[in-house]
Amino acid sequence: QEEPLLFEIGRADVTGVDLDEPEAFTPRLGGLERTVPIGLPGLSEPETMRHYVRLSQQNYGIDTGLFPLGSCTMKHNARLNEKMARLPGFGDVHPLQPVSTVQGALELMAELSRYLTELTGMPAVALQPKAGAHGELCGLMAIKAAIAARGEAETRNVVLVPESAHGTNPATAALIGFKVRSVPARDDGWVHIADVRPLLGPDIAAIMLTNPNTCGLFEPRAKMIADALHECGGYFYCDGANFNAIVGKVRPGDLGVDAMHINLHKTFSTPHGGGGPGAGPVVLSERLAPYAPVPFVVDVEEVSYKDAGPASVSALVEAARGRGTVTSDEVLALRKPELFSKDGWDAAVAELRAAGIEVTGDPSPLVVRHSSLDLIEDAAWYDEDAQPFGRMVAFHGQMGMFVRALAYMLSHGADGMRQASEDAVLGANYIRASLSDLMSLPFGDKPCMHEVLFDDTWLADTGVTTLDFAKAMIDEGYHPMTMYFPLVVHGAMLIEPTESESKASLDLFIAAMRDLAMAAKAKQTERFKGAPFHAPRRRLDETGAARKPVLRWTPPAPVAAQAAE
Amino acid sequence: QEEPLLFEIGRADVTGVDLDEPEAFTPRLGGLERTVPIGLPGLSEPETMRHYVRLSQQNYGIDTGLFPLGSCTMKHNARLNEKMARLPGFGDVHPLQPVSTVQGALELMAELSRYLTELTGMPAVALQPKAGAHGELCGLMAIKAAIAARGEAETRNVVLVPESAHGTNPATAALIGFKVRSVPARDDGWVHIADVRPLLGPDIAAIMLTNPNTCGLFEPRAKMIADALHECGGYFYCDGANFNAIVGKVRPGDLGVDAMHINLHKTFSTPHGGGGPGAGPVVLSERLAPYAPVPFVVDVEEVSYKDAGPASVSALVEAARGRGTVTSDEVLALRKPELFSKDGWDAAVAELRAAGIEVTGDPSPLVVRHSSLDLIEDAAWYDEDAQPFGRMVAFHGQMGMFVRALAYMLSHGADGMRQASEDAVLGANYIRASLSDLMSLPFGDKPCMHEVLFDDTWLADTGVTTLDFAKAMIDEGYHPMTMYFPLVVHGAMLIEPTESESKASLDLFIAAMRDLAMAAKAKQTERFKGAPFHAPRRRLDETGAARKPVLRWTPPAPVAAQAAE
Amino acid sequence: MRYLPLTEADRASMLARIGVAEIDALFADVPDGALLRDLPDLPRRKGEMEVERILGRMAARNVAASSVPFFVGAGAYKHHIPATVDHVIQRSEFLTSYTPYQPEIAQGTLQYLFEFQTQVAALTGMEVANASMYDGSTGTAEAVLMAHRVTRRRKAVLSGGLHAHYAEVVRTTTQMAGDEVVSLPPDVTASEDIIARIDDETSCVVVQSPDVFGNLRDLRPIAAAAQKHGALLIAVFTEAVSLGLVESPGAQGADIVVGEGQSIGVPLSFGGPYVGLFATRQKYIRQMPGRLCGETVDAEGRRGFVLTLSTREQHIRRDKATSNICTNSGLCCLAFTIHMSLLGEAGLSRLARINHAAAIKLADALAAVPGVEVMTKAFFNEITLRLPKPAAGVVETLAGQGILAGVPASRLYPGQGLDDLLIVASTEVNTDEDRAALVTALTGALA
Amino acid sequence: MRYLPLTEADRASMLARIGVAEIDALFADVPDGALLRDLPDLPRRKGEMEVERILGRMAARNVAASSVPFFVGAGAYKHHIPATVDHVIQRSEFLTSYTPYQPEIAQGTLQYLFEFQTQVAALTGMEVANASMYDGSTGTAEAVLMAHRVTRRRKAVLSGGLHAHYAEVVRTTTQMAGDEVVSLPPDVTASEDIIARIDDETSCVVVQSPDVFGNLRDLRPIAAAAQKHGALLIAVFTEAVSLGLVESPGAQGADIVVGEGQSIGVPLSFGGPYVGLFATRQKYIRQMPGRLCGETVDAEGRRGFVLTLSTREQHIRRDKATSNICTNSGLCCLAFTIHMSLLGEAGLSRLARINHAAAIKLADALAAVPGVEVMTKAFFNEITLRLPKPAAGVVETLAGQGILAGVPASRLYPGQGLDDLLIVASTEVNTDEDRAALVTALTGALA
């Protein structure tokens, strides 16, 4: 049974939402009452449920099978994270409520920022960007603002982009008026400093480099390139799409990165949802931090003072005489703000020790914080070093995704995130090692990061293309790998298993790939040419769709009208 | 890809639950530490998710298609109800918390009871039974207790059950020691008073009658049968499985019913969940009410009194002089408990009116209730008329189902529930009218209730059986109807569409049935004999399964051992 | 009405096809006067928002376990349930499916039932398990009836450590059928001599461990004694997590094991729905109550699963059935199976250690409260305290302070002289702060 | 680690197949010193229970909209979302699927996107719509850039009724690209003469209705003026429910319609994720940003859907793309589509009437509060009040009393002399009690 369009089963007078008509009123619409019907059919609740459940059954998701989509990091989406994002305190909070009523939301944003800065080794983060490409835009805007602040707005207007880059990179640079210049590809899959250096000059605003790169390789010369850029007065933008290979292993900040977006929906497992929503926070170097856009969270935290206790160290010494110890609680009760810093605390402990008194207990849990976080939305108000370049978006970013990402981070912890990266890299290399005898590796059989790139050399003379091969994977129960990307490799096949796959799952996948590969080499083209055969649809006519675009449903013409045509 | 058993993919050292090992402790298990490993493999969270999601995809549910399963009432399950059952105040409450901390739970039980008694026209309800068959047990236990109270325990021990009854009816009666005697079937699908009367006598404890009956017909003589039973000293048990045809249209209490279970999971739409959990509250007549099992909720509700106001009607009359009206609030402020009954209120209004004073305002919202509900778990404590026959179950019944059922009832309201019954009956008759030219109706082409019963007369000489036909429905995208039940009809096919189906859905179903029926008549047996062809499995070897039952997974024998066999 | 897809126009055209003028023509068989003219005296339909408000208000009048320090057990236990469990059981294909009588389109349900049966058998140390009972209490009654069938005797002996409700359900069910039940008095310290009560008339002896007061009981001597007399040992548990740490009833010689599975994957829900676990020896399978799922093959030889041995069941056997059970606890089995799959042996045994360690901590802390005596020596995660005053009042006092301290024994055994006993459970959800709060409050209440 | 399926044994055997001795051999390309030896300075892994506690504590420090009388709007609105919506979007096949580049196994996503595009086009009164933008504000910036492409001009005129954040986003985006933006000052009473600002250099004029202060604006004369000068009219809305009652921007002559779709099916979530609606005329489709889903047929002639016109997009066109957008608001589109399917025309227009009626009641009640002046005459569900004192303090006072009264205009327009203005929204979630509470509290705060 095919599932019709909702417009084919809905009816104008049906609704699946029970609402009582309001009491009579005189509209105050200024004469702008709707005169044209909308033309929206409704469905009852059971029809709605069935319609969308049946539609869903035509989809493939991570929960239904391995998703080897290189550069997309389709990993497990824990339902705990969905549950957390739906807590009323997160899901049912308005962005313009008084700041005093959203302290927990600001705390979450601050905590997420702490994790992101720690993992990247970079000092600042702009949380607002709505997705990876939006993060790129944010990073380049910060760069543009920094350049403008140096008075070089007119002259420094070129962004270098390797040929292997994601399409969003050049698109983003062009969007805000940068000129895009290509860095050529090399046979080893790496960007070479020798290719970059000749391009550098006073017109270079930035380079946009993906690292690990889209060929699945770590760029060993990233730091050198960063240094060269900095030397010539440019900035190093890192596309963080492949961050999942190195979380907890490498800090981009250590490699000279000035700005990098982080796809929370890739690396930190917020669900892709059939194409979004994502979230693309950008970490920024010291040099770019002042230009971060509004809004941002600032900590105006204060420490509470205990009500009781002696008023000075000497009084405390007096009080403790004969005991030889005081508790940290008693020390804190001195109400000295400086005690609440590490140095101040150490000084107090030393002073007491000098008086022969030991301090017992851990002070940290005794500090009662009046965590007062503020959200800076207005640059004029906040006049320190900040020179925000503007605003990326209404309100404060993808809070729903922040909650999920932080839930992921808390669940993994430092140890789990590092292990996840290692497992992701391990899985990709395991696939590489298990398929390299059949399929060709464009850059030789060397270790890859969390994705492994094959080309189509091995398909030469088989009559099977990368597309055919990918579509045949569907019949084996798999989503195709990323294909024809990166552009620098002919007939590219980019496979990223992620750390979410068990060894048994990887072994099944490898077996299916080997079976298909041998079939291709045996020129069993019939298995490939029309594939998929066992999917909800056979191959679709994409050319026809683009030639005469039908982008919406329109009611069928009445029979009489059809006859007249 | 076939989905393996969890034991085939799980590993003993894997867990999908992160727990920290406790600090060291000395066990106090009295020497009963486990010495034998359990043999339970674990799965990581992503593996668990995929395993069960993939299993689910082999299932058919209401959300995926029409479910014409007669006598089972597979109707829409609203997700609001799931959400409500998961409110922490319902889902996360322990049955033995102090009664003061579960007043809302008791209120919900009381409210559900009110709906059930109002809809059935019966004065009492026992909520505990865990499912329909358990409700039957509860009802028959109440009957047995009532008979014992009359001193007839030894002599009155026969339960009459029509041949068309659900198997649970005789099984239940037998379970607690009743003898079961059959009431023969008639050609018109009805139970006849003439067949019942000769069976009546001092040994008759009860009759168990389904109404509407399993032939899809309303029993027109139900009341006569009830009267005859009562006359001979027996009780009338009504199987309420088919209540969905008559909610808001007919009250079983008006037909002389003494006990009837209500399948909340049928009539009130708590999800069937692949076989449960259900809930089977039993409504009881005045005669059986005293024997209801523990626990039950009693209302020790008190009404609050306003602090201010005149102390008597005469004072009120005085105070109101010159105004001519008093508010209902002022009347209630008299603090007279009797005002809080309808009669008392009317009397007060009359007294004031006699003094020339009108009462304005609706009193009901002004009554402030200190709703104090109590849960009677101990018969000895509660010594009025109650003689509970015992306890059906630990704790208080299927609270989770109560919440869902009440959410259904509130959503529908009196008007919606009545409309639902009418739509259910309308749908079944629509199918009857649309198929009666092709398929045979055992009792003639007369109106049915919410399910329509066909027999297999029309399949004679086609080589297609009811089973074949039902399995072929699977290939058309439908769950089979109920077949070979009721037993009184040869090759029975019992179809219940429920009110959840749109006309478009019914029309598609009818078209598919007509197509199949014509194929059967055209003796296209190949379409039927091996059916289903397009399901996750072909027909399964049920005989083999029963002959040598394999009821659990066991690890495969090691290779050496296999070789030795 | 959001639930109802038919429009007035649909209804009219359907009535026309049927050939009647109005809906009540289809209700012609209803006797005069019984067809209601007016709507029931109940409110009209409400939108979702209003339903949420009404039920939300009721829910808010209850104190949720996770919102307070919580030590209530005695047959139902507060454990943490992974989010995965509740998500998966709500999938349409599980939630809205029917009993898997049509196996071709119900392999999802059947396979998890097969997994469930295997898990339950493994956990209890038995050979086979069924596809669930309503709960532990009704399962216990069914086990007694089954023992009657197996032994052809009609006298059950119930331990004084058996949960009061379970004993009541057994008595109610079997006495209605005219069978004999010998119930031993409440046995707070596991000191009853139940072996002495087993004789050659005895069909079964029913012993719970950990028992309702928290005591672990050594089943082995009881099993031996039962065997000697030709009776069956029915072992009962209400805390499934205990089996991660305690020797299984099967390994101790039980013939039938019945348990409440709520602790694994099923929320408290004020007492239901829960899931009854039921396991026994292979040789008794044809006397078992309830559904059984078995492995088989389909017409193409592929492995598949079906409901089997249904000749035991009511829809085939009618008044000769082994039980009248039909709808059981399907979706709760799924929750149990998923949670158990997530735990695995490693997770379950660690969870059990956490529970036991928490109970030890709690027992020691409570023993130090002036006036409190800890009665339970060998336990898993639950103990019984003797207080210097009636426990019910103390529990109420602590509830007023936002602490749910446990179950007064008098709630289960009213009027039996156990008023000063308090049953206290401790699980992985209890923090050090929770325990400290209980100790402080209890100290105050007893001062 | 519950997320990670590999065991140590698995890792060892995988390393062996790869032929390296240890995992860091695979990180050999990382320069010396950059490969971290120590774990990051962050806490270790936590179990679900602990994560729930930590995040639960944070969540509890926020005041949820549904827990108080709630009148906050100004670009995001509290509406009731049917439970069906949230259930369906969590289905694995929707939640965990990817952008539907492989249409053979993504028809579920593609068909709902086609339905979404149709619904958005119908709602806005336009010919075509795309498959969503991030939100209304970024969509507005994209619309301005699109207008620049269509008209080959580079000057946008922004109404003073355009939401302050939207205007900021447009300015930030377009000024970075060197384009000109003329922003009119905040226009509380919809009295600006925007037509006078349109000239032959103008690429587009951006007008919001209902505007940020709640005013409904007649777009027809502006559309005519824009057309006369060869400029496009970009109509913006932040309250999609208004379109159930108000004439669509398309019917009023808009060339591009951009809106925030959050009101239909998407929770408040402190500002995101939301869903940007974007619709225009058929003739401009090749200049549109974002994804488009189109109808086609498969190799067997069956109807199917694909992403189309992707030559506009970054992954094909790179620096010549119409936008850099890639990931959009997929799952929020689904939520919108399901909620809209449930509402249907009948439900949406009734919902709109309820909102408008509630706003009228509220306006009248607030007008009666001493010192309050209602500034908004023609509105849908939102109005602006002038108070006798700064609104921010009043809002804070009322928040302390558990009432969220609205948005002080100074929050959006700091330092612009609008400190005494309060923007108040009213939807179907507000009860008579909510309104009475607001009136009482406001009266008190102003006394």
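We call the chains A, B, C and D, going by the order they appear; numbering starts again at 1 in every chain.
We adopt the following convention: a contact is a pair of C-beta atoms (placed from the backbone, for glycine too) under 8 Å apart; a residue touches a chain by one contact, two chains touch by 3 or more.
A quick map from chain label to UniProt name: C, D = Probable glycine dehydrogenase (decarboxylating) subunit 1.
Keep in mind it's a predicted model, so treat the numbers as computed, not measured.
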Legend entry - Higher-contact pair (C-beta pairs counted), B-D versus A-D: A-D
Legend entry - Separation of chain A from chain C, taking each centre as the mean of its C-alpha atoms, in whole Å: 44
Legend entry - Centroid spacing, where centroids are CA-atom means, of chain B and chain C in whole angstrom: 19
Inset, instruction - Please list all residues of chain D that touch 2 or more other chains. - result: 1-5, 45-48, 82-84, 86-87, 90-92, 342, 428
Legend entry - Contacts with two or more other chains, residues of chain A listed in rising order: 11, 13-20, 43-47, 49, 53, 57, 62-64, 76, 78-80, 82-83, 411, 500-502, 505
Inset, instruction - For this assembly, give the contact graph shape among line, ring, star, complete and other. - result: complete
Inset, instruction - Enumerate the contact residues on chain A facing chain C in the complex. - result: 11, 13-20, 43-47, 49, 53, 78-80, 82-83
Inset, instruction - Could you please specify the touching residues of chain C with respect to chain D in the complex? - result: 2, 47-49, 80, 82-83, 87, 90-92, 342, 428-429
Inset, instruction - Would you pull the chain A residues touching chain B in the complex into a rising list? - result: 1, 9, 18, 44-47, 49-50, 53-54, 57, 62-65, 75-76, 78-79, 411, 476-477, 500-502, 504-505, 508
Legend entry - chain C to chain A touching residues, read off their complex: 1-5, 7, 45-48, 82-84, 86-87, 92
